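Each of the two complexes below includes chain A, the first together with chain B, the second together with chain C.
And then the complex of A and B:
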């Protein structure tokens, strides 16, 4: 708890940095808080494969997920002509998973056969045009059947005099708690299943994550701008998933075991180029390395094409390759003398590709004659992984203004 | 000659960034009609929100793309 208080204190002091400077007061333009934008996002995701970590790296990875999200953006201008933006974001997703049903195959319905994930957040930013600064704070909460999280994020950005360059700093922390649900056959005597109505005790373990982000954006010319982001993150606590099974070479069985800390370093470069009058190239590259031995390269290319003034299509392609963490081995390949072990193919060596397209309609007078209904976008993507897993994703975005 | 591939890649990346930044021109506000286009915004699109979530669960690498870099969910 003491560590948490110190972390929050440090983050708040970072956010406060910069106050106390004198300001030239611009003309009084106070405007009351008003709703500026509403975004509704609906998503459907479905996957299948044969490397479920719940059953030790073999077995069905079938999963479907329905997700709903609504965010409300409210803006106000204060007496000092600073623009305040409040964003309320509410997300709910419900999934059904074949592998989670194997946690407790003896019961009719196990603890995590299906689950609902609810994660609201609230963000407040203050943009000071006179000083070209933006400060922000965001709080988040997330709850799943076996997982709870509280998050805080602080941000500060400063733009150059000509507004062609911006330096942005962010710092965040998540304070999470796992409910330690073990596979049925590996529970000690008297250990609870985690299911509703089971009064036997069950363990709770923390997982804390801290991240910082440094970004530099630059307008190169009238058509090109770039963004470089370095985002180190540190996690500690229970980083393994307690219901992932491991099968050793000698046939013995246990649960996944991973180190209690992980240091990650992703570096991303985004480049957006307006080509001619109708085509935009959105390119993104990320290099990733962590202290579990994983390295990854990710490239994303998307090219929105403006077919008319209010219709655009956005074909996209994403390629990613990651190396395995040093603790990974397939089903039945781990030695019982190993210190750490996982058969989770999500952190194995693989190449993934994601291809699809989006279509966006944004007529000048609003959709179907409704002036506030600014746009609608439908997006579909097909994901393939060299481990054999395939997935499909469909998203519908509706924007009201 | 033994060339370190990683060093070469890093040098190339840094070189490209330095070259890019050094070739910047001052763009006035009235010249930013293309830069200010909604599709040019230097962040992930809102419609990518759930895709970023599934990357976080299905892949080990995360962060530096506008999404989470770990924590806040029972993901990698």
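And then the complex of A and C:
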């Protein structure tokens, strides 16, 4: 227990320092590094023409070794073998969005236009290296304009003696409250819009989610790693989105209605294969089933290939098929006698494919002889959904110094 | 004749430190020649960088502080350029103008019983500011803006020398070895039996400096900065010999910081700033960087590591 008290004491003394010494700001603060700083090692000698000679030690092969983790082996007599970590985080996001403004065309100052998202969390983990276990508990709170959420997470992990196998168990529960925002034309008399400044009352409905996760990772050999995950989840409460509109065969209009609970079971298998120093094969398969009648299969394959030390390509392909939930019907197809109805195409029957590649160039002297232009990566992806949706994405990432 | 390879070792005092060079070779004479060349390289760097001789490039720069820019070798220029990048990275916790400290105001030694007042502390580090080291890449000059400013390579030179010695050895065909510059070491290849090198990390509490843990590494460098060799107890709190270049106060809180990096220069240069920045900020920095790992032991014997380190229990004997 001693070390926990120290952690808390440290935290308190930090706060106290903040109040007590008003003149002295902390000399060093956490800050987010730039991409260039994150990659300092690989670019360390590149700017000064001192490359290959000194970099001898930092060729590609060493870097791939380093990317996997390093084992620190403690001696049996050691006292330094339990590690407590207490972290307290306060995150605030501010975002603006356009699409959710479509809920209500009449209210100009709709709350969704810009929104502040606050989510503090506190997490405590204890690592016991003698038993090779890690235990943790985390509490979180999150709020957005249309929901509030309280969460608790428990975790446990145990590694094998040779560290090649790790079993991890997680359980979490989230207790959410959602604002029931209805499309403008379907609001009963006196029902509010949910926007700031609208004093008319609005309904709130709960949604609780319970998740568990079991994962087993196994290093088969230096080249092959496998990870199996099973992540059952149960949701209860308001699971439909009340501002989704439904149109019946007879032309009547209402809002989406879905059952009050849903049980989901995804099972995934991930495989990483290091083929020499040049090629990594990352494969992933996931099977999904739930009690709303949906089943899905997803296969993903990505293969980063280092062609030379300056050029690498990473082709990828993803195939996914899902069946519709039994409550789905297209626009104007629902019967008014149905108990549940949705027209949300995200839970309809479809097959999607996503194929593409990235190519990255990083010559040591800079691109086109410009030493400030360190690297450029172009990613292209083509996405097709059997429902007719086609998307192309082209991303250009470039790094300047 | 086919002799199985063995480790050939030599210890020599260079740059004021104990250097130990180990080379794996099946030919003792050839190994000795290679070690000679590595020692010659370290001595060359020592002459270039030392602050104990007036004609070193470092002291030429220092002598002209506040007066005029000094032209230096490309090698020295590049080293200063890299140092400044590390200063920005570490919010000034790493600063080669550390030598500007005015020791007449408050000279830290192990017999001290009180800390300086905040005014003295600030005056102590008044001239330490890497932003006042001005580089001109076209002229290849270095100019220290303030009179009395001094630079020194105490925080990076050992690692740089180790890395250059390794380069010399590899150019001569040495496929495996270790250059150990007083605990800042760089490794490459494997042990003669083909296994990775094993590096121990000193227990900051033990009087015999026994290793409390060990790591298997190859093609990697390790550096440790600790307050266990030199520290003072003031009001029951341990203070390191290192002065925080921003506050002027001696650093406290951590017993030792070990950095693992692909090259010794970086490992050497990052160990002290992490010590200065402390566990929270230091680990946050290292965790964001790729290919760098860190092991911290604080004053309460808490062990903290960067996320890329897995703590393993001892193998059963």
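Here is the rule we go by: the second predicted complex is superposed on the first by the 223 of 401 C-alpha atoms of A that agree within 3 Å, B and C clash if a C-alpha of one lies under 4 Å from a C-alpha of the other, contacts with A are read in each partner's own complex, and residues count from 1 in each chain.
The rule is simple: a residue touches a chain if its C-beta (ideal position, glycine included) is under 8 Å from a C-beta of that chain, and two chains touch if they have at least 3 such contacts.
Treat the numbers as computed from the prediction; the structure is a model and nothing was measured.
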Partner chain in contact with A:200 - chain B first, chain C second, else both or neither: neither
Chain B or chain C, by number of chain A residues touched: B
Partner chain(s) touched by A:32 [first = chain B, second = chain C, both, neither]: second
Touched partner set for A:127, first chain B, second chain C, both or neither: second
Touching partner for A:176 - first (chain B), second (chain C), both, neither: first
Touching partner for A:346 - first (chain B), second (chain C), both, neither: first
Contacts of A:163 with chain B and chain C, given as first, second, both or neither: both
Overlap of chain C and chain B interfaces on chain A (superposed complexes): 39, 41, 45, 47, 65, 67, 69, 162-163
List of chain A residues in touch with chain C within their complex: 3, 6, 24, 27-33, 37-42, 44-45, 47-50, 53-58, 61-63, 65-67, 69-76, 78-81, 83-85, 127, 129-132, 159, 161-163
Chain B residues within the chain A interface of the complex: 13, 17, 20-21, 23-29, 31-32, 34-35, 37, 39-42, 45-51, 53-54, 57-65, 69-74, 76
Residues of chain C that touch chain A when the two form their complex: 74-75, 77-78, 81-82, 85, 89, 91, 93, 118, 163-164, 166-167, 170-171, 186, 188, 201, 203, 211-221, 244, 246-247, 260-263, 266, 276-278, 280-281, 284-285, 288-293, 295, 297, 300-305, 308-316
In the complex, chain A residues that touch chain B: 39, 41, 43, 45, 47, 65, 67, 69, 93, 117, 119, 140, 142, 144, 146-147, 149, 151, 162-164, 173-174, 176, 178, 207-209, 211, 213, 217-223, 225-231, 233, 235, 241, 262, 264, 266-270, 272, 274, 280, 282, 284, 286, 288, 290, 294, 296, 298, 304, 312, 314, 320, 322, 325, 344, 346-347, 352, 354, 358, 377, 379, 381, 383, 385, 389, 391, 393, 395, 397, 399
